[in-house]
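In the two complexes below, chain A is the common chain; its partner is chain B in one and chain C in the other.
== the complex of A and B ==
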């Protein structure tokens, strides 16, 4: 079968992290085509997040000559050029081509420099998929953080920076944490700074974007001693349980926050009364790896609204990843209502 | 010397994929990593396939992955095109031999070496086009081919519709449309060709002319009418003078209130040259700079290469134009200028209708966008 790898490219995963760090220049060691592919995709996704300027990405622009004679020298020159721009940080990502010709990218990055140079071991398909690149980049960057005195606060770990609704998800988590009175210490890595990354160790709880970020959560627990919750809040009941778990970790009594959120959920569900008893069917993206996972939340909503889920019903979207928190469900139900013409 | 800060233009592999995925009956397989696949797959909006090579394949050979992929789509296409990316090119595996051993002559498969490190988008596109078994059909005397159509081009659909409309009005018919629309690899080619995009001329057929810029449209249409119209040409006699008068009138009205803009253009060289000439002629614009994505190949205005974000930013900071025509990269690099999108990619905007850049309607659409952008910009400056 034609086998488009659902997981994507390691390079893209790592870039989705390094290009979020302010004043960080990312060097892609490989042909300009690899950099263009990613630069253009990042540009598209940044444009949809209303970011005006594309992130600084430098390609070593490897050609046939370097494929034959090696590209380490050109990487050294690229690092020198990147450092001249006066960034806080330089991240070097390798590509399939650099890996296949055997360039020792790690060694070049260890050459002393005026600013920190971080090698994120990515090599296209040789380095795994998108998720591997994402995780690897987060772990590589976390080396700047150290243990320190913790204050009751939260780090948000591994937000999917290429997600269309990344800021909406973030705002929802902040809203819920505000109900508990808990501040966000660092977003690792949406809009992060190097100083921010250095402060990671001050938080007393890490909240992972989703369970795929557990390797990062485990790493940060080992290195910084910070426990984690493995997902942003999903589903109505899940959002209430999220408040309880976060409160417990932060030594905050969550009962008032839970009661307030429960009231909000009831009010929100009430506004979708025209949907009641409609016949629907769930439509998910083909090959969605966690369809069952998303379905659970879909059926929860169906029960609340007394929807009849069966074949032949109006197809309503069941996105994967599922929208975050009560606000995410409200936006989803608006889409369901439109589909049902309710 | 590393000289590419934020590359803005696709590689030869994407050019080849853009070309072949616009040909009906051809199944395109990218023989390489998933990373090489995702970009063309998401930007071309056409089904393409990938062998998704892994480290295992690099060690043991990529033939099995290729055979698996071919087997998965066998029978769905009349011909398959295997585009070899950087990695198979480096490890030097004889892909043609693998295919020969497995399929012999039972399946039509072409193999194209298209490593991204070896060339630019246009070279990949034209190389892929030349790999197709195309031939001129001498019986197709009433039709004209349209080339320069690429699924990468945000204007391809509008350009195709507009040029086909003009061809019909001129008394001719649309021949092969390279490489989009109803074009199939076994379409017989007509003996003459119109270029929808002068930077992607196929080399097939006798050139009739290009369709970017009103002066080019006039010449091309005149040639078509000479050939097909026995009783004068409605386009040359009515449509073009009417369109030209509307452009002149609108530009004149603009100039009653505002000075002509200083313009920076960014895109494929010959198209930008043609647009620059039109802006000079009708709007009295001063052309501050042309930044070319492809290797410049002539034109009356000075041109510099502008294939990366840093070069573009430097040019714009140096020239400080009032109006920028280019891609959303230029829009991001210099947000203080009025902007009109003429070059891929055009991100951050919803685009649904088939907007042309070529032909009479393309000219009108462009001049309309330019004048509106300039006027909005002037209002914003107050």
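== the complex of A and C ==
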């Protein structure tokens, strides 16, 4: 049996994408509650990121009456109201109830309209959870992109918009790409615009937030012919390899960038000399798959700093998701140092 | 108060049987309430001189709210004082008719409409979802009568409904049982014997054999029940007999549905 930790709802995942698109109105076709609890979550997270204005989300407010007689007409009305607000784009997310009673949400969305209307199928009971909704929404939105002449540049695909350090991770990737002299073409979907999504095809490389976004990377490779790297850089060694891979894809010699970054890493590790030879133990969230993957990076750091990892040591965090790049490790080591009072 | 539900394959004659049964029961001096539980809404038509009465769901749709509904809005008096209600439902192909049945029952409960000497629920062909099993749930019909002919597809549907009855009757406090099988004949050879044997095999009995008679068609064309249209006909007598038997029936069973092979072999055995 699934636990509340496991999966979440496809609706939440899709909403985390569509609410990032500027001037996009999101309609949730279902009971008001489906919109409310998802919206509350978004609102809280947006507030914590100092976004003053909550994203425009409408609910069709389906009640028993629509369940019995069908909800397609009220959805048409909601789309009409959304279009009246003059957005660039309307996204329609469906819910369990709409799917159970068989509302043809796709057909309603295909009715010609002044602004594009995108249907993202997100009936939670069909399974898949948050991640599936995230992927589905990105794939649905990518239909606005077309093949065009590529210039050496990078799209960032599938950033986790609800992650606390999303901007820190982004800045770190930009810093590393700048070492290579490669610009970011489009962030898909943090702070994206419809025009930006239309320009996706100009990039010559997609960098996925993490390997869970591979279905989106594969889809964009098929549709736009853009190859991908399947993760933001993680770990010290991993960050150097990231520069090499990105350079190879972009036909840029990465050796200068790698040398510069390696020097920076050495210097950075040097500033944590007081941590040397401390006795620590890794504390992770009690989720098995993370532990193994994050501990690889943990042991890498332990080796660098000659830490003794064993029971009874000072507990130091190995967060999930693991912080991105060299800067991420610097932030992490600051936390470790505090934990060790070093 | 006696609450009975008629189930069976679509087109088998549930509404005709229900309407004639209600008419015959009312002639016994009983206060009868017939509730059509089918979006097709034609269960009570012959009791209402061919009139399609407004359905509960129509009224909900028009008013947007069921709070203003009254008994007078949803209950209509037909032949010999039989009170008629139609649940109604969505247009074909949209929405959820099953939820419509559930909503109708809740509204009827709230209005206190489910009071009579006999309540007859006439339910859509197959028990396709939980909504159409509503009349079998606790507090509603305690006796289900299966309407079937001797045709295999009709027996197959009846057998399927047995699955629903046996599932529901296994719940604690459930009082839903099978009251018997009504054979609405199609004039097949040895049909009465076949249906009687089917009824026996599922652990019940055939409570009435209704022969095929042209008068049923004539009555329908005249928008009346047989009991009203041809009160002295043999067919009317059959419906009155059914009404008496149902009122006297004490045999209530938890049916045991047949395996499909068993059912086919049974029908095959009567095919020569």
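Throughout what follows, the second predicted complex is superposed on the first by the 337 of 342 C-alpha atoms of A that agree within 3 Å, B and C clash if a C-alpha of one lies under 4 Å from a C-alpha of the other, contacts with A are read in each partner's own complex, and residues count from 1 in each chain.
We adopt the following convention: a contact is a pair of C-beta atoms (placed from the backbone, for glycine too) under 8 Å apart; a residue touches a chain by one contact, two chains touch by 3 or more.
All values reported here derive from a predicted model rather than from experimental measurement.
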item	value
Chain A as common anchor, with chain B and chain C clashing or fitting	fit
Contacts of A:61 with chain B and chain C, given as first, second, both or neither	first
Superposed arrangement, angle subtended at the Cα centre of chain A by chain B and chain C, nearest 10 degrees	60
Comparison of chain B and chain C by chain A residues contacted	B
Chain B versus chain C as contact partner of A:100, first or second or both or neither	both
Which superposed partner A:69 touches (first chain B, second chain C, both, neither)	second
Touching partner for A:212 - first (chain B), second (chain C), both, neither	neither
Chain B versus chain C as contact partner of A:10, first or second or both or neither	first
Which superposed partner A:265 touches (first chain B, second chain C, both, neither)	neither
Chain B and chain C, minimum CA distance [Å, superposed model]	5
Contact residues common to both interfaces of chain A (with chain B and with chain C)	64, 67, 100-101
Sites on chain B touched by chain A in the complex	1-14, 29, 32-39, 41-43, 49-55, 58, 65, 68-69, 71-73, 86-87, 90-91, 115-118, 307-309, 328-329, 332-333, 335, 345, 347-348
Contact footprint of chain B on chain A as seen in their complex	1-5, 7-12, 30-41, 43-44, 47-48, 52-54, 56-64, 67, 74-75, 77-78, 81, 96-97, 100-101, 124-126, 129
Residue ranges of chain C in contact with chain A within the complex	57, 60-61, 64, 89-91, 94-97, 99-100, 103
Interfacial residue positions of chain A with respect to chain C in the complex	64-72, 100-103
